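Listed after this line are the structures, all set down as structure tokens.
Here come two complexes built around chain A, the first alongside chain B, the second alongside chain C.
On to the complex of A and B.
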């Protein structure tokens, strides 16, 4: 090779090496944060609690073999003026680089959510490089968020995973909760025609003991993490809680039900027939009539009968038709109750405003400034429900019906 | 400059002139002198056998048979040369020209010619022919008696197929060309021979199908071979290295095979085969990248299956190229891309490992290369020991000692198997070398580094040519029709044209409408066949 080329050649070779291993970091220098909890101190500073995964103690890890004897998480607490400063301060306590890309849960204490709101917190989270917008947000009710992330869980070794899974499964199977991530929350919060909903969590039992290995040594556990209610936000702040039937009604209108039980009364017997929804579709249509917004909600549900406590002849199509009617009424009542509740608190959690914006942008411009306070509470919502029984389960008539026949 | 002068000055000129004086160029009349020259030139080697034949009733006429022990077919010499000469010479000696008698009436071998010059005589002698000398004749007879011990036609070790011919080439060039002729029975299958290597005088044949092959390619092959002036040619690898387009690149631009059916298939596509005496590896030019992912068996099994297998091969090549690099990049740069559960498992494994991921990867890769090389060169009995040491001591040991994480061992093992499963060794070895470069670039810049490396690799590949044919064709330049025999293997009935990038003289490969159709009516015999048709049942 010509000597003239040798020097540039070696310069070119060293060029990538000189840059070093930019942004490279070894796995054992990372502290994987599974959950981040934020509380508010009396002096106004934030208290952050980090739930870190301790990989050596997670079952499945070959080396060490410590799983089941030591907690699979470690928590650290730090204070600071804003959520990111908290994270920076924590580095004085943690020997590794806090890694937020795998943070799946952001826990906010009820107190903080009510007084300060989430706006400034979420901005910091979304702006941060590592934090994902798919991180789920939950609110710890009547307790410190820090305590919440310190509770150990039995089946899921990482408590954050447990919280998310129970959130997802109750949303799917029971229809009383809603999983909200950062992105969903921010989208709903910035829209005037919609307000965000966030699920609440409580811990039942002895929290102090639940932080130790005692929690994992009994089948019952010292305390359990439970999904509890849906928090309604207005202008970034927690307004009130929706619970029980009303939360189910809310999810019906929101088209969020995947599978949900509906129980109806039959001939004076309370909750005599249980019906399980397997397919559901809710259509919301918004129109303006004479300058007034009109919303019609159409719910269509398909499902099976699951439990029948009264002697009814379900092989008779007329009886089934009557059951369907009763189901429709029940769902309609739930949905209307949820809507009335929301109208009372003047928060459009269903996104009716957004629908109106889409269908009639011109009148929306007029309605927008006073939507939440004037128009939404006075809204005339027409709820129609269609419910179908597709199957009666693996049996035709209930035992009770057959027994009655025998005695006749 | 002084260095060059120094070398020039030292060149001995006079010595060569001396030699020329001693050696006469052509044969003399005296049989004794001639035999002396043979003995002198071969240094009295005992394997040069000289058999004198003198005839009892006429001692004036003496003849000699010269051959090299082991290179000749002994029964031929005994029966058709010595025996018949002794038997018949007594009767027909009245005639004067003894060679004429020999060639016309006595010697019963297939080929017999007269030569005068020593060069061709020695060439023939050392190739296994027998020289017959006679006193008073200024020429000699060459009887073709080539034979001797050779390896039989066996199954090829390096290219094993489940379906298809089991024949593999041998070290004998004549056997090899014959094996291809047996497949392509066509007078257009042309063979040209030449002799290369100053010391070894190795026979070489180039084979092509006249009327299909692009004559420019044949010319180019001839020209490149004509340029060769090597001392020795011990394997087709010597030829490959002096005729390939890019000798310093990592990718092979000449392919080779041990299978006659592979050679036949390539000749029919318009390629040229180069046979070298003494090796079962036949070179095929020009070669394109995608050929290295194909095996003859691909064409023998049904097309959906071989398409899937070819895709698998390309995937394996990619794994063997960037497998460890991918792992290093993902675990040191892009932890957010690994699912949380998997990341926790990997993290728990690397917790006690004292090295960075790249060092860990390099340790395991180098260890594997050592094991592989050791297993390759060792006799079979010892290689079992090596695999035990490799698997148990190193594989199990490094994990238990916590020097390397199990995840890394899995990655390296997968890469190793993928590399071994690549059908062509030449391309697998390129990937093996490049793997280290990719690992380093991944350690420096993560996925960004891998992508940069891949871009550079593709630029290099696209710039390559093999005997004027772009290496990446039919991808770049794109020949849409050629794509059906690349990563996918279209049905045989759709291969109506030969590969365009080879510029075949006769681009039409087969008749149209080769797709089999179900019978038109329920009766199995198609009704539109007439008497005399080929498909008449």
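On to the complex of A and C.
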């Protein structure tokens, strides 16, 4: 063959291949799954509910889209022996190909998480090509996961988005829950020195009505999706829930607080001073003393005063110092309560074991087999807190302080 | 051997791209667990000695290929058999890399495409490059090296920004020191570092043979450092258990990137690195097999061999293993011990001793 012919020959061969449409699929043939919910049936099979985005009805997606009259999602339910079989069966009902690459939320019902655990479900998600390991996991409390993904939401038209945003914003602003994705969950579940945490969601109100457009026709709505509690897992199964103050304490120790309100009592008045953390750092150090593990937790918080409901002179640094002391005590109590709770249930959600492994691998080898059941519950944890008030907001003294002066 | 010359900077780039190639993408030295980065650095250091063995051989015969001077060293009959075995070794290595490339591409980007098609596409480009000769290979390297460096920089920036790095994943370090050395001498020294044995087929094209030593040391050190750095990055982002379960840790790392809620799912970076890296390793191996065969069987135009031998590599890549687990098992347990250890270390040392004795007599 001479060269004159070889080059055009190969160019011709490449032409049809370069277009790259071997396994092409048109956008109109895809059903984009925004959330996937899994429940357990009475006969032991899985019930999966798929929240599909209905592109015609998402406002802004198409000019002249019929937003506000039809729901922006559609849901389909199917049953099967494992999560993938469920998805396959669902295709008999959906006219398009289920596409999981944009699935941002995986909802597991409390019942399923408690009885069976997540181990049998997550492998399929981790191994699959489409499913991303950055997908968030949440648990629906006291309700079916299927119901949860069917509830319509007002501001964010796609309910999965609403759930994730609530999760992120409460984590950021309120410090009482935690966003966990597949990768984080599996990482913690695999480690012997750490246990995973997953946020719970509840729906308050009339769930049946919340699935219809009635939900979006009043400002109040028929039902609201809300973040509620942190679920603790042990050996892949849901063990118990951490709620309220204790969940805040847990996040303090986990170094997960970004902004959080702390309210303290002042001279018999309950929750008189409100403080907002804007910067926080927690260091956990693990050591062994005479063969016994010792953990020290050091929390450092910086923040501003937000509201003062008692007459105190905050222009006086000594007073501020006393408030800081009280804040330190409060945070310390919360953190210690959370640690005691975890020790009672014998689950090392803080990853103390992992820290010990990192600082003293030799003693960890001896402690590892009985860590969760023997050593962790008996652990000596020393919590120290430093809290700083950096600013007092736009005012110095509260007007209550001036009022008091006049009455004196 | 064709009439061509390459510069030291081109050799430097070729060596780096060749060694990084697939090693950047697959779990490297994972037997050493958390300390795999250290195993990589040690292996790189040891491989500098190997490089000096290859260089010494080259300095005895600066105008000859490895497959030519075996004949001069151990006689016509044995030397030719050994040269032939080396050619088979290069062909098989090319096929292994091609297979890895194909599987990687299919397992996460094109699940429905047959392996043959993915490998054939790559092989057609490789064949064309080999057909064009070493100068074209070297110039292509210069061009793509810039892209690789930019990708690496961009990637590191994104990972750093998205706050994924957790250095505590690297602790405790040096937990099991014997295991680190074990990993070095059973795995990491052979792939990718020992693979520079193929460059004994390229050294004769170098236009400034005096600078070979410096170029080689620089290329090996940079490769070692980049691989160790990538491993540190993977471990600190993913943690060891997840890497051990990942077929392609760097891909998992890239997939974890989320910057500002919109910069995410950057798999395309991985595909670019994969295609560039895979292309170079397969090309260099195939080129060396072709040039070796041409000189062994006295074929005047080596480029004529590009098509038949390229096709051989393509089909070999499809039949060497029935699935990817088998392929990896062969690559980690059998191939290093029975092929890479003798071809990369034992035989070159043996040849060097003979070369030394022979040349001393003359002197």
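Basically, the second predicted complex is superposed on the first by the 388 of 408 C-alpha atoms of A that agree within 3 Å, B and C clash if a C-alpha of one lies under 4 Å from a C-alpha of the other, contacts with A are read in each partner's own complex, and residues count from 1 in each chain.
We take it that contacts are C-beta pairs under 8 Å (C-beta built on N, C-alpha and C of every residue); 3 or more make two chains touch, one makes a residue touch a chain.
On a predicted model such as this, the values are computed, not experimentally measured, just so you know.
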**Request:** Based on the superposed arrangement, let me know which partner A:134 touches: chain B (first), chain C (second), both, or neither?
**Result:** second
**Request:** For A:23, decide between first (touching chain B), second (touching chain C), both and neither.
**Result:** both
**Request:** Look at A:99 in the shared chain and tell me whether it touches chain B only, chain C only, both, or neither; answer first, second, both or neither.
**Result:** first
**Message:** Touch test for A:56: chain B only (first), chain C only (second), both, or neither?
**Reply:** first
**Prompt:** Who wins on chain A residues touched, chain B or chain C?
**Reply:** B
**Asked** Is A:32 contacted by the first partner chain B, the second partner chain C, both or neither?
**Response** first
**Prompt:** Should A:47 be classified as contacting the first partner (chain B), the second (chain C), both, or neither?
**Reply:** neither
**Request:** Scan A:187 for contacts with chain B and chain C and give back first, second, both or neither.
**Result:** second
**Request:** Please indicate which partner A:359 is in contact with in the superposed arrangement: first for chain B, second for chain C, both, or neither.
**Result:** second
**Request:** Could you give the residue numbers on chain A that contact chain B in one complex and chain C in the other?
**Result:** 17, 22-23, 101, 132
**Fill in**
In their shared complex, chain C is touched by residues of chain A numbered 10, 13-14, 17, 22-23, 101, 126, 129, 132-134, 183, 186-187, 190-191, 355, 357-361
**Touch list for chain A against partner chain B, complex** = 16-17, 19-28, 30, 32, 34, 53, 55-56, 58, 60-64, 99, 101-102, 104, 130, 132, 158, 161
**Prompt:** Inside the complex, what are the residues of chain C that reach chain A?
**Reply:** 107-108, 110-113, 117, 121, 124, 128, 168, 171-172, 175, 238-239, 241-242, 245, 252, 255-256, 258, 264-265
**Partner chain A, residues of chain B touching it in the complex** = 331-333, 335-336, 340, 343-353, 356-357, 399, 402, 406, 441, 443-446, 449
